[in-house]
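Residue numbering begins at 1 within each chain, and the chains themselves are lettered A, B, C and D in the order written.
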Amino acid sequence: MNKVGTIEAAMERIQDGATLLMGGFGVCGIPENLVRALQQRGTKNLTIVSNNAGVEGAGIGLLIENGQVRKMISSYIGENKVLEQKVIAGEIEVELNPQGTLAERVRAGGAGIPAFFTPTGVGTPVAEGKETRNFNGRDYLMETAIRGDVAFVKAYKADKHGNLVYRMTARNFNPVMATAADFVVAEVEEIVEAGQLDAEQIVTPSVFVDMVIKGERYDKRIEKRVNRQKSGAGI
Amino acid sequence: MTSASKRELIARRVAREFKDGFYVNLGIGIPTLAASYIPEGCEVILHSENGLMGIGDYPLEGEEDADLINAGKETVTTIPGSSFFNAAESFAIVRGGHIDITVIGAMEVDQHGDLANWMIPGKMIKGMGGAMDLVAGSKRVIIAMQHTGPDGASKILKKCTLPLTGVKVVDTIVTEMAVMKVTPEGLLLLEVQPGFTTQQVLEATDADLIVKEPVPTCPL
Amino acid sequence: MTSASKRELIARRVAREFKDGFYVNLGIGIPTLAASYIPEGCEVILHSENGLMGIGDYPLEGEEDADLINAGKETVTTIPGSSFFNAAESFAIVRGGHIDITVIGAMEVDQHGDLANWMIPGKMIKGMGGAMDLVAGSKRVIIAMQHTGPDGASKILKKCTLPLTGVKVVDTIVTEMAVMKVTPEGLLLLEVQPGFTTQQVLEATDADLIVKEPVPTCPL
Amino acid sequence: MNKVGTIEAAMERIQDGATLLMGGFGVCGIPENLVRALQQRGTKNLTIVSNNAGVEGAGIGLLIENGQVRKMISSYIGENKVLEQKVIAGEIEVELNPQGTLAERVRAGGAGIPAFFTPTGVGTPVAEGKETRNFNGRDYLMETAIRGDVAFVKAYKADKHGNLVYRMTARNFNPVMATAADFVVAEVEEIVEAGQLDAEQIVTPSVFVDMVIKGERYDKRIEKRVNRQKSGAGI
């Protein structure tokens, strides 16, 4: 079994109008090589499910600036001013979800659960149009599953079967997004033979992954570089 | 009082609520400052909702790692005993009631414990991030904020006017003027910060405050 | 035909349904036997619902490990590329449609694809284990069983009489006599096993079978 | 932070009539030291949530034989003949759940989700008394969360903070059960200092665990020893 593919082959799996799930938190742990290739390809009218919308000049920001995105399903889009302008201009629709609800909706999509109840957002604008139901004296909202046509995720290493491990907080939404699309592409920093990743440590089992790609270049931009002083206590 | 000293006063008082062994989530801004005032001998594990339990210090210059950030997207480090997990697991922790205290800022809080801190109608909405999950799921929610807005208006109201982040979710409010607790009877004035009188707090507060004299002064 | 040779015939035919790169769950009994007949050059990853993707051979004597078993509680080994996960993740894989084929035994199957394989009223109920999740969630469910019960009665019915494991879940039925497929039009006789005639299959089957002559014989 | 405790202290946290969540699949990965201590203590009238009911003379079988169990919530109890007799005699109630539903109900209990929908069991005896609902043309059952007063889990190693790692398929239900009880005790084969487990590899973060105990003795019974011949292909 060898799921190692090319970035060109990955691009052929995503069509205009597709729903694309993407890993990443801010620009940490984003599939940056796949995003750059998607920008070059110019695939349009995308609905992107991702916690954030990138920043100007990086991540999903590239696709937004290039006019490829029709709708964002996210929890926080505050870092991207270009998106703000496009929302005001009516060019992009934004659906905001509480972060935990977003994560759980995608997990549900990957786990065969069409809907679930959560206490998050009861009595807030998030509850509008949603069923509210009381369990054991507390109100909950019904939230429905999210699935994608394609998922782009970033992992640290993959084996050729498609098993994935991540690195620190670059894990974030990636393992969740990898479960919930019809075609899942993982870009990684290193590809090893099957058996070279410890079976105990694999975070995403290969069953979820359709194609593995070695990223050509990792910029790994830092959004907020904060340092402590050598003498100070810091956080 | 300068804004910086107000922020410090609030953060110091918030940190006194932490107990040894607590798992705590600190929001962006004043709440994050509370990490600097954790009492001696009190080990608190900080949760970062992007997928880390056990946030460490900020890194030294040159030791930043783009793969290691907190929920505010700042570079951080880990502590011995840290662990990483994905976003769904991170919010299973939050929603499942495993976080002892969430400290978070507010635009408005009211005497029923309702909280508004994510949108102002007519302004660009940045998103609620993890705030709604944190306030709905944590065992205890502490609001850390300045008592009044830039215009001097009370941020502690009889009833929130902005779109809500959560209903009846707030337990305690800590400002540079006072500490207040949401009780079944209403909003109780627990303590007054040093330098302020009960009367001053009452005048600066729109909400109905329950006052049981003598109101103690916050210990420094 | 001996029971052993019937079982082998069924398992061999089932294994021909596997394609390279498939993720497959094999139930206890005849389904497990299919692992021995996976075609050359066809790499199939076996799922064990207790938390293993990539079941290997049974261990050599002395190499058993109590911490490494399959869903039938038998000692097993792993293959290069195996991974371990917890029960909730294991069934997220199953329920989420990530298993290409589940092969499972049956007490009764009917022409609508309904399946009964877990309880007989009046007898002690052992439990459904993971069977209901596997048949509800897998992309394709293949029933591997003997065509008739110990009393000679057809196990392939017009309508199941026992309490169900799943409704409209079965795709294909493989017995020692025939291969049948559940279609919107009804149960189609796809192939007859070597040594049997279409007529014999029809006589041994309670369900209405759609026969499109000539019915091919299963390749050996 | 040091959550290392004694088995005696753990026993004080479980009362007559409690609901007890237990890890394990068959007798693989069961908290055998905690079970033996619970048998000695004689705590009665327990509701036990566990995939299986042990075997005669091992695991939950010990508690069943000792008359301590009022109800089992499981998916498969076929290995325990004593339980069968007690069920027929009306001494023990059994609630059978599909295995994936059981796992997800407990996960939901730990994740603050009071109920969810699943396709599993629609049209079967499992559906009796449950709400059925159609999403996108398919029927689903509503299943509710399970929580326990206490959870007993077995891990391979713990650090003193309570972070846990498991060993092979002895992981099974343990990480799930560890999320969903008011008091969670993990028994392990080895306890190390905080920081000695790799942060990337921790399966159960310490936040879920209240007490860690080093097991005194591990029998690790094998239910079905199956070997291949040196010459044969095996499974």
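Definition applied: contacts are C-beta pairs under 8 Å (C-beta built on N, C-alpha and C of every residue); 3 or more make two chains touch, one makes a residue touch a chain.
Just so it is clear, the model here is predicted, and its values are computed rather than measured.
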Looking at Cα centroids only, farthest away from subunit A lies chain C
Between subunit A and subunit C, what is the separation of their C-alpha centroids in Å? 36
How many angstrom lie between the CA centroids of subunit C and subunit D, rounded to a whole number? 28
Averaged over CA atoms, how far is the centre of subunit B from the centre of subunit C? Could you give it in whole Å? 55
Find every residue in subunit D that makes contact with two or more other chains and list them. 104, 107, 111-113, 118-119, 166-168, 199-200
Spell out, as numbers or ranges, the residues of subunit C touching 2 or more other chains. 78, 84-85, 91-92, 94-95, 136-137
Chain pairs that touch, all of them, please. A-B, A-C, A-D, B-D, C-D
Partner subunit A, residues of subunit D touching it in the complex: 104, 108, 111-119, 135-136, 138, 140, 144, 165-168, 199-201
Using the touch rule from the top, collect the residues of subunit C that touch subunit D in their complex. 32, 35-36, 48-52, 55-61, 64-76, 78, 84-88, 90-92, 94-95, 114, 119, 124-133, 136-137, 163-167
Touching subunit B in the complex, subunit A uses residues 25-26, 28-29, 51, 74-79, 84, 87-88, 94, 96, 98-104, 106-107, 118-126, 166-176, 203, 220-228, 230, 233-235
Subunit A-facing residues of subunit C, complex: 20-21, 23, 43, 45, 47, 53-54, 78-85, 91-99, 136-137
The answer for subunit A against subunit C in the complex is residues 1, 107, 109-113, 159-161, 163, 179-180, 193-195, 199-200, 202, 205-208
